[in-house]
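Chain lettering (A, B and C) follows the sequence in which the chains are written, and residue indices restart at 1 in each chain.
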Amino acid sequence: MIVLFNDFGFNGPYLGQMKAVIWQQAPELPIIDLFADAPVHNPHASAYLLASYSEAFPEGTVFLAVVDPGVGSQQREPAIVLANKRWYVGPDNGLFNVIATHHPDLQAWHVRWQPEQLSASFHGRDLFAPLAVKLAKGDQLPEGAVAETDLEKWPADLNEVIYIDHFGNLITGIRAVSLAKDESVRIGEVPIPRVRTFSDVPPGTPLCYENANGLLEVAVNQGSAADYFRVVIGESVYVLA
Amino acid sequence: MIVLFNDFGFNGPYLGQMKAVIWQQAPELPIIDLFADAPVHNPHASAYLLASYSEAFPEGTVFLAVVDPGVGSQQREPAIVLANKRWYVGPDNGLFNVIATHHPDLQAWHVRWQPEQLSASFHGRDLFAPLAVKLAKGDQLPEGAVAETDLEKWPADLNEVIYIDHFGNLITGIRAVSLAKDESVRIGEVPIPRVRTFSDVPPGTPLCYENANGLLEVAVNQGSAADYFRVVIGESVYVLA
Amino acid sequence: MIVLFNDFGFNGPYLGQMKAVIWQQAPELPIIDLFADAPVHNPHASAYLLASYSEAFPEGTVFLAVVDPGVGSQQREPAIVLANKRWYVGPDNGLFNVIATHHPDLQAWHVRWQPEQLSASFHGRDLFAPLAVKLAKGDQLPEGAVAETDLEKWPADLNEVIYIDHFGNLITGIRAVSLAKDESVRIGEVPIPRVRTFSDVPPGTPLCYENANGLLEVAVNQGSAADYFRVVIGESVYVLA
């Protein structure tokens, strides 16, 4: 299975063009869109999403992960990461640095291989998708893979809003396991009660809870926390004892 | 075929996570997204959409239908419905009550089965998707299915805007067959001519017509009825003799 | 492979309904979404997108292309086009007129065939999708196909913004090959430096470059050109010597 994680947007041609490349090279491989709206130009917040949302996929899954503001520059190397029996392919710009924290025994490589046709602005299609296919087909590491032992490790939690979903729920970079059972958070000066699910508070009221992937999430029962708190990605979230 | 109907949004990880569950359990099953932007937290309007848009799918189709503001609470039971040889799986919170009106001979069950891992906030992935797979594979009803004979029936038509599409067209809950051939509607005080297709009125002019699924729809030729009327889901639509 | 190009929006039921029709008639055919957000009601700008983004797909690809403000009227004929060994199906309303310019030896047909059930407003599902399946399965031309030798040809370049992507990048209808290597463009009075990729200018600065499909594209490094220039589709783009 190839799982797509990127900031390209569901709109536009980019996902379709990547999928066409994958399909031509490996028509039998299922392709799943996980995030196409990861925080734009933001490998930092994206790294926390990727680390939390990739673990539930089965062993052998290949994550084609592209949040790549430095595309086409010498600023970052293409990377392959093997962590907890899952493969990750994408730019080495921080995107894999939280996975590195969770899995200190991971293996990583930089990739010097270049495809015949490499555009300056769409390495997702031209470089990373073919690499993902190679890995998903069980091939060897691609030519030009050079072991990289210095992948940076970032803190395991990020006390910020890292994603805002269709309901206006605010996903934070704080893992619920990092808090004591009775610890909660505030945004600005507003303390937020910690509960199990939405309907544990009245409609229109804020709450926080461990979401279905282990992250602390701030919501409003039957409403939008994004409207309620008027925040954007990067807003600070403070832990309350 | 499994058809997805929900209010999760195409953005974000939720559709991908549900599809990954389905694919792992039944890689051969095609999955079709019907609505991922059903009216948010609104099983009432959603019930009319689901009833109108599901009939055109072939017999044996399984609809995984999740508009579920009460997720994780004791407020609603998980349900399975068999109507007109199509299966429906989702929360019994009204979502199937218009199907019940159209098909008074339907069969319904509440489901007491619980998966090993059940999050408090994402029953679409953890509970309803596995149930949908069981039905789609032709298995028996799942363990814990208890016949439910009291599914509520709602009126067959809802004189409101129930969905606004990408063009700004306003889908109403009124079936065209419920009106006489020369009956039309108004929104606010604006009467809207009833025609066959968009170009039957000049560009920029409102019209209403029987849409491709049998519902009365309000549009503006080469424009946006949502902008023209400045309405949202729930706006009243009045029948004009 | 069937590639979908339309202005229906990823939201809403339309893509799913088309895919269900295709899947029922040809379950083995892969379906790729290229654009579901082509310029709304705008076959003119769409024709330039389609011509530029279809060439990279393999021979034999069938493009199901529907930007069709005149749907259900006598204003346009359903058409099939064969150009450079790729098939195109959709309304003859200009959508194929740039492909005609690039491939003066193309073959085109108007289609008089009508399906048993033809709604007035959704020929993508009822008429064009079944035609696309016929072609993708390698069948003969459908009954009712009448050679059409007078497909209009439009200029090869359009000096306008034709699409704005998720990043706020402005795709123009100008092919990079139409400019000299040192030629650039301006929007309004702002001249835009021509470079190879985003990071060739400082963050927050506009640039233009040959995008990954050969079109000149205007962007802002790590920012949004749509916000920077405050433009919409149709904005003029002027060539600077």
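As a convention for this text, a contact is a pair of C-beta atoms (placed from the backbone, for glycine too) under 8 Å apart; a residue touches a chain by one contact, two chains touch by 3 or more.
Please read these numbers as outputs of a predicted model, since none were measured by experiment.
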Angular offset of subunit A relative to subunit B [C-alpha, multiple of 5 degrees]: 120
Copy pair subunit A, subunit C: interface residue numbering same or different (half cut): different
Between subunit C and subunit A, distance of the C-alpha-averaged centres to the nearest whole Å: 30
Where subunit C touches two or more other chains, by residue: 10, 37
Subunit B residues touching subunit C - in the complex, by the definition given at the top: 1, 3, 10, 30, 32-37, 53, 56-58, 163, 165-167, 196-200, 209-213, 217, 221-222
Subunit C - residues contacting subunit B, complex: 7-17, 19-20, 23-24, 27, 37, 40-41, 69-73, 75, 119-122, 125-126
